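Let me give you the structure first, and then I'll get to my questions.
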Amino acid sequence: MDFAFSEKTQNYIQRLEAFMHNFVLPAEGVYASQLQHTSDWRKWKQPPVMEELKAKARAAGLWNLFLAGSQHGAGLTNLEYAPLAEITGRSPIAPEVFNCNAPDTGNMEVLVKYGSEAQKERWLKPLLAGEIRSAFCMTEPEVASSDATNIQATALLEGNEVVLTGRKWWSSGIGHPHCRVVIFMGVTLPSAEKHQRHSMVLVPVDTPGVRIERMVSAFGMYDEPFGHGEVTFSNVRVPADHIIAGPGRGFEIAQGRLGPGRIHHCMRTLGAGERALELLCQRALNRVAFGKPLAELGGNRDIIANARIAIEQARLLTLKAAWMMDTVGAKGAMSEISQIKVVAPSVAQTILDQAIQIYGGAGVSPDFPLAEMFGCIRSLRLADGPDEVHRALIAKLEIKKHKQVATLEHA
Amino acid sequence: MDFAFSEKTQNYIQRLEAFMHNFVLPAEGVYASQLQHTSDWRKWKQPPVMEELKAKARAAGLWNLFLAGSQHGAGLTNLEYAPLAEITGRSPIAPEVFNCNAPDTGNMEVLVKYGSEAQKERWLKPLLAGEIRSAFCMTEPEVASSDATNIQATALLEGNEVVLTGRKWWSSGIGHPHCRVVIFMGVTLPSAEKHQRHSMVLVPVDTPGVRIERMVSAFGMYDEPFGHGEVTFSNVRVPADHIIAGPGRGFEIAQGRLGPGRIHHCMRTLGAGERALELLCQRALNRVAFGKPLAELGGNRDIIANARIAIEQARLLTLKAAWMMDTVGAKGAMSEISQIKVVAPSVAQTILDQAIQIYGGAGVSPDFPLAEMFGCIRSLRLADGPDEVHRALIAKLEIKKHKQVATLEHA
Amino acid sequence: MDFAFSEKTQNYIQRLEAFMHNFVLPAEGVYASQLQHTSDWRKWKQPPVMEELKAKARAAGLWNLFLAGSQHGAGLTNLEYAPLAEITGRSPIAPEVFNCNAPDTGNMEVLVKYGSEAQKERWLKPLLAGEIRSAFCMTEPEVASSDATNIQATALLEGNEVVLTGRKWWSSGIGHPHCRVVIFMGVTLPSAEKHQRHSMVLVPVDTPGVRIERMVSAFGMYDEPFGHGEVTFSNVRVPADHIIAGPGRGFEIAQGRLGPGRIHHCMRTLGAGERALELLCQRALNRVAFGKPLAELGGNRDIIANARIAIEQARLLTLKAAWMMDTVGAKGAMSEISQIKVVAPSVAQTILDQAIQIYGGAGVSPDFPLAEMFGCIRSLRLADGPDEVHRALIAKLEIKKHKQVATLEHA
Amino acid sequence: MDFAFSEKTQNYIQRLEAFMHNFVLPAEGVYASQLQHTSDWRKWKQPPVMEELKAKARAAGLWNLFLAGSQHGAGLTNLEYAPLAEITGRSPIAPEVFNCNAPDTGNMEVLVKYGSEAQKERWLKPLLAGEIRSAFCMTEPEVASSDATNIQATALLEGNEVVLTGRKWWSSGIGHPHCRVVIFMGVTLPSAEKHQRHSMVLVPVDTPGVRIERMVSAFGMYDEPFGHGEVTFSNVRVPADHIIAGPGRGFEIAQGRLGPGRIHHCMRTLGAGERALELLCQRALNRVAFGKPLAELGGNRDIIANARIAIEQARLLTLKAAWMMDTVGAKGAMSEISQIKVVAPSVAQTILDQAIQIYGGAGVSPDFPLAEMFGCIRSLRLADGPDEVHRALIAKLEIKKHKQVATLEHA
């Protein structure tokens, strides 16, 4: 057991932190000023500063760091990438700079693992190059999508084509002007076993019948120029070879897609938590009430101490989950991944709430990133499986240990 | 001791609930569709449906219910008004319908209690009639305004004039197209005892030197057409008789203003909490995952039970605080008012967070009022004194009891 | 609505507080010194000071205050008795002084409501006079007794006799040297509907076949001279007229018995919470660390404020439940009674835990009553239905409202 | 970074678990039956089974495992020992079996690090051999000992002697029939800087003037045959060479003593937490209410999931603190050690409380180890520095980072 990062990781950490400090954080204001603040996604444009930052990051070798164990990326393990993901979580604009932003990361992983050569050539290549963006169309407004077997959209085979019908929402990233392709999940084999009914299909975003109905705001925010789309698919036809890995494998791919993605999310979330704690401490030192800095008043130091404890613990657990993903695989790390998915957003949400409280009115205002980060992190407790589903899985695995013991003892 | 509402109150409750059911709730969608969604307050207009509702409410005798013990309003006590405030808290648009919305309520109370006849004639009358709106300019971005003695803006006497200088924010309601007057708080007597330095001054909103710099969003929302303004006052001159109750009484008025206002806020907040619990239960009954309604899954029933317990308790405490305000006055009710200010928003925030969780993606979307209500209620934990200041007061009063005992025992 | 206690209640409060101050609290030490500290209940004796106090209380008219609406007691309503129960909760020895201690109170209520004249003459009379004590034998070690239908002991009719068989535990009070009778719950009609199978039977404690196996400690404490017995009933035969209210009514009586009892428990619990808060404040004022009284350190004042808020709320809810019991009966007050049963012990447990923390090592020691009170209050979260069962009931009733609405709307 | 235990550690884990399974756990009942349950420590005897187990453990090479980096013990690092300490935490009787129980462990560490050769020969040797036991006399009833500079007892030099005067309590282990020596902390140099006033003195327990006044129970339990003594020192005279490391170094030694000790405590505490979770799961599977195993009811699975998450996190943080102790020393690990001291007992207390709740009345009874463990763990939140002191330290170190940044930026 060794808690020190490898030299390789430490080297990446240094380079990434320097890049963040020199280029990304100073560009946050520029990026904000180049945004089109409107709910009409047709008017959204990619802020030019982002393309400049992407070029710089690629030149600096800080590119596609996320692609664990693949020749396409930096060749890092999940454990090596985890602390880097945390660093990018400190700024909402950072992940895209390094071509490490959801949902493209998950989509690229799917293509690396399950894509045909043709699919890779057409979609993976430009995604890896940061030339295009993508979206993931799984969640549906009509059903509790936390139970993926509920998904009702259809992807039916007709001759050489697959015909897509349904309504999706929270199709994140579909509003981006560079978005060219979505991965659509729908039922292909309605009478198969319920985990083998669905397929994943690659759909060019300009295919006839694909219609963005609106962008859905989360806590009032549109996250332009990405956006979270509500999208209808009406008799959308694409060639059957656009199905990924063959009909009926959608559920399997969805599961496989989520492991590393959840680790990335959690580490970025902890980066956000760290930034919130920093901001909190700074305000506590610099703001005076009743004759004292806030840091000297009431239970504020207890809040700081508890935040530090919570972050340290959640980070170690996330790193362990990454290590298990690398050593025993997604299945062996199932409980740990669910554990971090419950705990990391919860820790960050609490600290953000407390930081907002210390900032007073400024905390809910746009003058500090706290309210925006709160909205994102709060939403994350729903994305990739709500807390409840993860807790249920953890408990099931925990209880199973005792059932086995009981069985053994009665044998 | 009697927990039943008086017949008078029950009569008002029935009429108000019927009005809410018949007119206000059905108008929520119309109101939203008539709003101008933009951060530019100059384009904000009063949605016509609001003026229709106001006329109806006034005709129905459901008007100015809040003005406790005054001939200007319905003549209700705080205890009688409290359950009515809760009912209006169920819809974000309701309070204005009944001319019972902050900050106008507090401003009217100040004018009733401290205003000169001329001030009443000029400002109270049209406010009571719902013809104009007003704002309250106290909080400042530069200092921790939770400690009101920190306030730095100045209201200096020069001959027959008072000259106002300073920067204010969270001047709620100043964006409203009907807003005509603000109450400004500033230092008049810098060398006086620190609670006798400030004055409250009535300032027509179009006085030269008053400049709205921007509207500040809270959790990304502008609350149009009210808005929360950041406002600069540069050499603003008004006649000295615009000072309310005389120079140096600002702190006293600020304190007096807050008692009933906090009770109103808390009761409305509990109305929001009740609505969140209703929405939560409805979703829990109607949404199915893993083969069961959500109400049958995991700890959801514990959440419902705990929410019910929390609301019941917070409501009783708020009603008791109202009763104490009526029977022993603001000073005697000081601890209880701080207690409800801590507990009511906290209860509602928790239930809203849990309701959002049950709704999944829909919970953070604009399709349900949960995310908007969450933003408002979260902000309320900062307005009218942050939780921390209220807790400090409660503890001080609690500890004082034991100091007195100690003193008595040693006497 | 009126939060003031009636004159009658205020008069009782004054007399009871004076009695507590003059006689009960000063006798706590004497009582402790007269106890036999041993796990062998056969050696337990009634401390003489208790009989002296009982005589004084009876003479002072502070006797059997609990018996709501009955000619046998003080003729108080539940609402009138509630604040008195709270006062007795401040001292562990107080309830017995006033003949208001569980389980005798519940047993007397059962006899008043369901007992035959012969049963009343034989058992109610000496219980009311404080001459004998009683126990209640319901909970069983083998089954989850939180679900009372699980109860397996039998009370079978054989001719003119009823024959009792089974193992009971947590038979509180059975160790008392004055205990003469128990109420036993067992299955009489195994094939009846599951809520109509059980009977309650009066059993003289010296009936052959009744055997106390041991006293069960709770958190290491035996609560001598009451004790919590584990008792076996082996072929215990009593005349069939010892059944209360007839065969098969056990469940009904158990339910009816619990309403007022839970209110009493909750009010006493809040009395314990108040005392813990007092002790906490005293220590916080008088103990110095790092150069300051503890009251000036860290989050201690937040703890005090939160404790005050929690007690106020729980007390109001308990009083309301008592008022509902008086006005709409146990059935109408079902949710409220479950609510207070969840919240009052939880509030008191939290404050006791925090008071212990402020006292440091002294807090867990026998030098202050905190550890003992903690043990009692913690156990109370299991007695009379564990929190979980009460939450489930509250949620069921809450959800029912929305089912009815749904039905109405579809009609 | 590597989360796998070394082969050496894994080997010890296997051997220790086998020993626990084969010898320690089966002996728990025997041990209990051989105990003298009385508050009179003069009657306490060492249960013979303990000496048998100690001999077996020593023979098996599972002896003195705790002594990090020392030739006297197994030569394990803190990180290597930590998982072993956790295993011993599963049974209250286990630590002594392996000669790894507090306060002897801490006392041995002090002697190894600071003791003279003569002190080592006389006391360390028999302690290492498990032939004698020892106690640590630091905490005082009269002052808040959480602030060690408050300590008032004196250890004054008079010629060749040091004279000890004062009252100590929570002198744990002093009741043990094998206890032969205590380490006493008192003021030697009253006018020195406040961290250089105290000395640590080795005192044979039979020195004239040392008087055990009573054993103090914690939550009603005496922890026989160890006990927590209240001890007076009246003109106790020992040679000056009984001072450890020279006069005035008491505070330094106290600090140094606590680092590894806190890690041991935390790991054992997590062992207790694991056992509580196991017991909880077993009961949840095997106990039926309302027609279902408890594991299927209400929020019980959420409780299980949250417990698992909490233990995993706290364990990783404790292991990291051990690793830091090994790599950067006690000073560099200061924040982490305080973090685990706050979090580990809190996690275990919560799980124990929840396990008790699942067990119902059986949970507070002596039939399961839950109530006893609860008492120990709750007390641990006060021992070795209460939570509050550790939180204050963590916050201080956290805030310091930002002060340094502020200074750097202004440079």
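Chains: A, B, C and D, in written order; residue numbering restarts at 1 for each.
The criterion applied here is as follows: contacts are C-beta pairs under 8 Å (C-beta built on N, C-alpha and C of every residue); 3 or more make two chains touch, one makes a residue touch a chain.
Here the structure is a predicted model, which means the values were calculated and not measured.
Looking at chain A and chain C, the chains in contact with each of them are B, D. The chain pair with the larger count of C-beta pairs in contact, out of B-D and A-D, is A-D.
The most distant chain from chain A is C, comparing centres defined as mean Cα coordinates. Centroids built from CA atoms put chain B at 38 Å from chain A. We define each chain's centre as the mean of its Cα atoms; on that basis chain A and chain D are separated by 43 Å. Averaging C-alpha coordinates per chain places the centre of chain B 52 Å away from that of chain D.
Counting partner chains per residue, chain A shows two or more touched chains at residues 298-299, 301-302, 388, 391-392. Of all residues in chain D, those touching chain A in their complex are 1-6, 9, 79, 277-278, 281-282, 284-285, 295, 301-302, 304-306, 308-309, 312-314, 316-317, 319-320, 323-324, 327, 335-336, 339, 342-343, 388, 390-392, 394-396, 398-399, 401-403, 406.
By the touch criterion given at the top, residues 37, 39, 139, 141, 143-147, 150, 169-170, 216-221, 287-290, 294, 297-300, 353, 356-357, 360-367, 371-372, 374-375, 378-379, 381-383, 386-388, 391-392 of chain B touch chain A in their complex.
By the touch rule above, chain B contacts chain D in their complex via residues 298-299, 301-302.
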